[in-house]
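Down below are the structures I want you to see.
Below are two complexes that have chain A in common, paired first with chain B and then with chain C.
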Partner chain A sequence: MSSLLDIRDYRLDFDTFDGAYKVLDGIDLSLAEGETLGVVGETGCGKSVLAKSIMGLLPSPPARVLSGSIMFEAHDLLNATAADWRAIRGQRIAMIFQDPMTFLNPVLTIGQQVCDVIAAQQGSKPKAARLDRAAIRAHATRILELVRLPDAAELLNRYPHQLSGGMRQRVLIAMALSGSPRLLIADEPTTALDVTIQAQVLALIDDLVQRLKLAVIMISHDLGAVAAVCRRIAVMYAGTVVEDAPTAELLAHPRHPYTRGLLAALPDIDGDQATLVGIAGSIPNLLTPPQGCRFHPRCPLADGRCSNEKPLLRRLSEIHRVACHHA
Partner chain B sequence: MPEALLRLENLTKHYTVKRGSFATATVKAVDGVSLHVMPGEALGIVGESGSGKSTVAKVLLRLTDPTAGRILFDGQDITALDGDALRSLRRDMQIVFQNPHSALNGRHTIFDAIAEPLVVQDGLRGQPLIDCVSRLMDLVSLPRSFIYRYPHELSGGQKQRVCIARAVALKPRLLVLDEPTSALDVSVQAQILSFLKELQQELKLTYLFISHNLAVVRYLCDRVAVMYLGAVLEQGRVADVFDQPQHPYTQALVAAIPKLGTAAGHNLLSGDIPTASRMPSGCRFHTRCPEAAMPLCATQSPDLVPIYGDHECACFARTLRNAVPSA
Partner chain C sequence: MVLFVGKRLLLFGFMLLGLLTIMFLITNVAPGDPAKLMAGQNATQDMVETIRREYGLDKSLPEQYAVYIGGVLRGDLGRSIVSTKPVVEELLRYFPATFELVLVAMGLGILIGVPFGMLSAVYRDSWIDHATRIFSVSGVALPAFWFGLLLQLYFAVHLEWLPVSGRLELITPPPEPVSRLYLIDSLLRGEFDTFREAFQHIILPALVLSFPCLASILRVNRAEMLEVLQSDYIVAARANGIPAFRIITVYALKNAMLPTLAIIGLRFGWMLGSTVLVETVFDWPGIGLYAVQSALYSDFKPVLGVTLLIGFCFIFINFLIDLAYGWLDPRLRTQ
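On to the complex of A and B.
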């Protein structure tokens, strides 16, 4: 399989008045065509910053790239120009966000907003391939049907407040898919939704992956939701990828103590649990991240080596990578 | 049978909202809820957003007045209590809210936040007040050095501990926890949950725990009530309700949870929760019910019927099936 997205040794700082926050510290990740990758970790471990880097949405300053590269298809995303981005965003890579309530304009109809997105994509096409207004509206109806929204043509005339949370998230997914991208980045797509609606949205994403052969990066702190959709999971901690393996392998044989901690912290609906174990402490201040392994102050296995030497993400097997001296 | 600490009898809360210039509509937020909580017990209330969970909490704490029904606390009718009597009741029942980031005043130190109930209710001042606040901080495992810090210097989990310290400052008998962990990471959630479990034993507290996360309720609670559109559809011991859910709605909720290692949670429900201003006729769940609804379901509202022990369920189809055992 050829790789669609390839991130190599990507380091990013945020410059602030207090100094440089070392937000991402050497990310190595790749994604094949049509692959589904989940990125999990606690708040503040750099998941969303990574997603925004891939979409080129980080303002610089404060963001400053120290090293590395992000390659998507044939594009070098770190050196893309504004014109390159116009052709990539929405048409090659698209993104959906956490809170469907805040990403739709309340004073415009769904139709106006969906059509705007499609119209904006026409600029980078050759003149002959551009759609006229009627064709844009027809396309809008088609993509709303694609995400299984009932009465799509009717829906175009409605306002966001007339839609429920689950429907709004579907509209946002439809807008993201309007340019037929190859990669969809979903940043906590179901966190703001109820569990029954979450199940609907997860089933929809799963369905779209199958039908459109879409590659997906799904970011979440909910291992359960990620495991339902993604075939591979990368666990992030304080700006580093600490473990990367296929979902079944990761759940059955977690090797990094942080991954084990996350799994132990999940309450289980089946059967009684006597105790629930959290991970002691909290995520470090990235202004002065711990020396060596960034997880060592919270790690039950930490020893002298961990506080001096940063563990590299090494291969345990063909499919399983982990960054820990003790794995 | 020992006396229940809290008993709600047919509790109802209707809101009147404007529809246009002259017309009004009635939102039946809570529509005839009867519940009881025994001393030392933890009762969970689960349901989707909009099912009236939080309104039940607000009404029973007398933060808003019920439209109808009675609230009995320790055998005493508190439905119409006011003035000093209500103020002294506040000692006995306290609440912890969902979002610790907005529940604390950003311009008050941690000392101010925890001391407030002690000043208002007990009139404590000076050294005794400082001692008391320090003891409470020990109780919730916050370092004493935090006493003069501001909320923005604390993490989410630490802020939630401050909110819990403040709620238990007056040694309440009933503690209402309204989604106390849904704004927190899973690792922090695990810490807070196991801490709440210890605290309950240490202070002999009674919990009313509101959540949309069934697994969390299973971990912390003894009994659970499932709410939908302002009414309780099923209640009983957590093991009974979650292992053998009887109501089609509870079955759908349990099935919707994404489980590790299996495919996406099954979605048995279509559509969203109807609004409480346009309540379906008959059984309020019949519009989304996956079981073939009987004609009766659309015209009459089912009552809670005992199934086994204190496991109760409000569903005509279920009652019928239990009454006529299949051959």
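On to the complex of A and C.
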């Protein structure tokens, strides 16, 4: 499989008045055409920052790239121009967001917003292939139907506040898919939704991914949600990828102590455990991250080597990578 | 919608009544005997009493109040003691001049304030942001009479580009009244020379009047734009590939305009009530001068009339702003 997205040794700081927050510390990840990758980790581990980096949405300053590259198809995303982004955003890479309540513009109708997205895509097409207004509206109706929204044509005239959270998330998914992208980045797409709606939205994403042969990066702190859609999972901790393996393999044979901790912390629906298990300690301050392995202050296996030497993400097998001296 | 407008109108009436009552009381506790002032220094006591009776000033305060309110309801605002003409007639003469001035000033405020507020938010901390900041601080700080004099000196006296004062040249007949706004009437009558002249006359006083208002519109719009540009839906619009220009002018501006509109409404009323300095400097025959002169003569009916009219305009403008809110923000349309 050729790789669609290739992130190498990507380091990023956030400059603030207090100093530089070392938010991402050498990310290595690649994604093949049509592959589904889940990125899981605690709040603040850098997963959303990684997603926004791929879309070029980080404001700079404060964000400052220290090293590395992000290659997508033939584009070098870290050096993309405004014209490059016009051709990429929405048409090659699209993104859906965490909170559908705040990611739709409250003062514009659904139709205006969906049609605007489609209209923006016409600019990079040859003149003959461009859609006129009526065709744009027809396309908007079609993609709303694709995400199984009822009465799509009527929905175009409504405002976001008249829709439920689940419907809004579907609208956002529809907008993201309107340009037939090759890669969909889903940043916590179900976090803000009710549990039942979560399941529906996950099923919808899963179905669309299969039908449209989309590559997906789904970001979440919810292992269950990620496992439902993604074939592969990368676990992030404090700005680094600590483990990367196919979903089944990762769930069955976690090798990094942090991954094991995460899995142990999942409550068992049939179990009779009285208290929830957690990982001792809390996430480090990224202004002064721990030396060596960033997880070592919380790690049960930590020894002298862990506090001095940063473990590299090394291959245990063809499909399983882990960044731990003890794995 | 009908209910909304109906409620507003009812409130409208009560506000005007309250305004009238307060003004009526204030003007009556103010020192000075209007009958005496009108009769002149050499008048006998009899003459003063005659005038007092004629204008109903001998009645008790509640009686005077009842008579006045009754008159207002019939569209009669009483007579000016100084000119002996009905106040309504005089308002009709002076008010359009002020209204035209305020409209042009507000137009300038919006047309300059909103785009520059937007620009200084988009290019935050760039030279354009700093320039507009200095500009708007001086807009608030410069006294109108002084700034007006400076402009007159430079553009009218030194460069001789624009006339010093007045609404039109003395020899130019005003256009046939339709709206009584010279700019509009001259266009309606096809008198383009008169239009150009009226425009040349209004530009300096309007600029002076608009300056503080322009400054506050600019600053509020900038602050709102900065906040809106940080919001999630702007990030989403960028991620979906919507062009930057459209994001700023439609996606962000429509949201940022809501608080800016409130400022516009307040400033409009404020301008109507504070034209007197500008009118004095530019010899503009408006309502501000009329009100101040009447007050100096203890001539209360014109003062009350002016207050009522300005109050009415203020409330009406804010009513229009409420409607504009509904148009800008769909969440306010549905209860």
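The criterion applied here is as follows: the second predicted complex is superposed on the first by the 325 of 327 C-alpha atoms of A that agree within 3 Å, B and C clash if a C-alpha of one lies under 4 Å from a C-alpha of the other, contacts with A are read in each partner's own complex, and residues count from 1 in each chain.
Note that in this section a contact is a pair of C-beta atoms (placed from the backbone, for glycine too) under 8 Å apart; a residue touches a chain by one contact, two chains touch by 3 or more.
Remember, it's a predicted structure, so these values are computed and weren't measured experimentally.
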item	value
Simultaneous placement of chain C and chain B on chain A, clash or fit	fit
If touched residues of chain A are counted for chain B and for chain C, the larger one	B
Which superposed partner A:Val229 touches (first chain B, second chain C, both, neither)	first
First, second, both or neither for A:Gly304, with chain B first and chain C second	neither
Vertex chain A angle, Cα centres of chain C and chain B, expressed to the nearest 10 degrees	80
Touched partner set for A:Pro126, first chain B, second chain C, both or neither	neither
Touching partner for A:Ala264 - first (chain B), second (chain C), both, neither	first
Contacts of A:Gly179 with chain B and chain C, given as first, second, both or neither	second
Smallest separation in angstrom, by C-alpha atoms, between chain B and chain C in the superposition	5
Residues on chain A engaged by chain C in the complex (per definition of touch)	55, 57, 82, 85-86, 88-91, 94-95, 97, 99, 102-109, 113, 116-117, 120-121, 123, 159, 161-162, 172, 175-176, 179
Chain C - residues contacting chain A, complex	231-233, 235-244, 246, 250-251, 254-255, 328-331, 334
Interfacial residue positions of chain B with respect to chain A in the complex	48-49, 155-158, 185-194, 212-216, 218-219, 239, 242-243, 252-267, 269, 272-273
Touching residues on chain A, where the partner in the complex is chain B	42-43, 164-167, 194-200, 202-203, 206, 221-225, 227-229, 248, 251-252, 261-270, 272-273, 275-280, 282-283
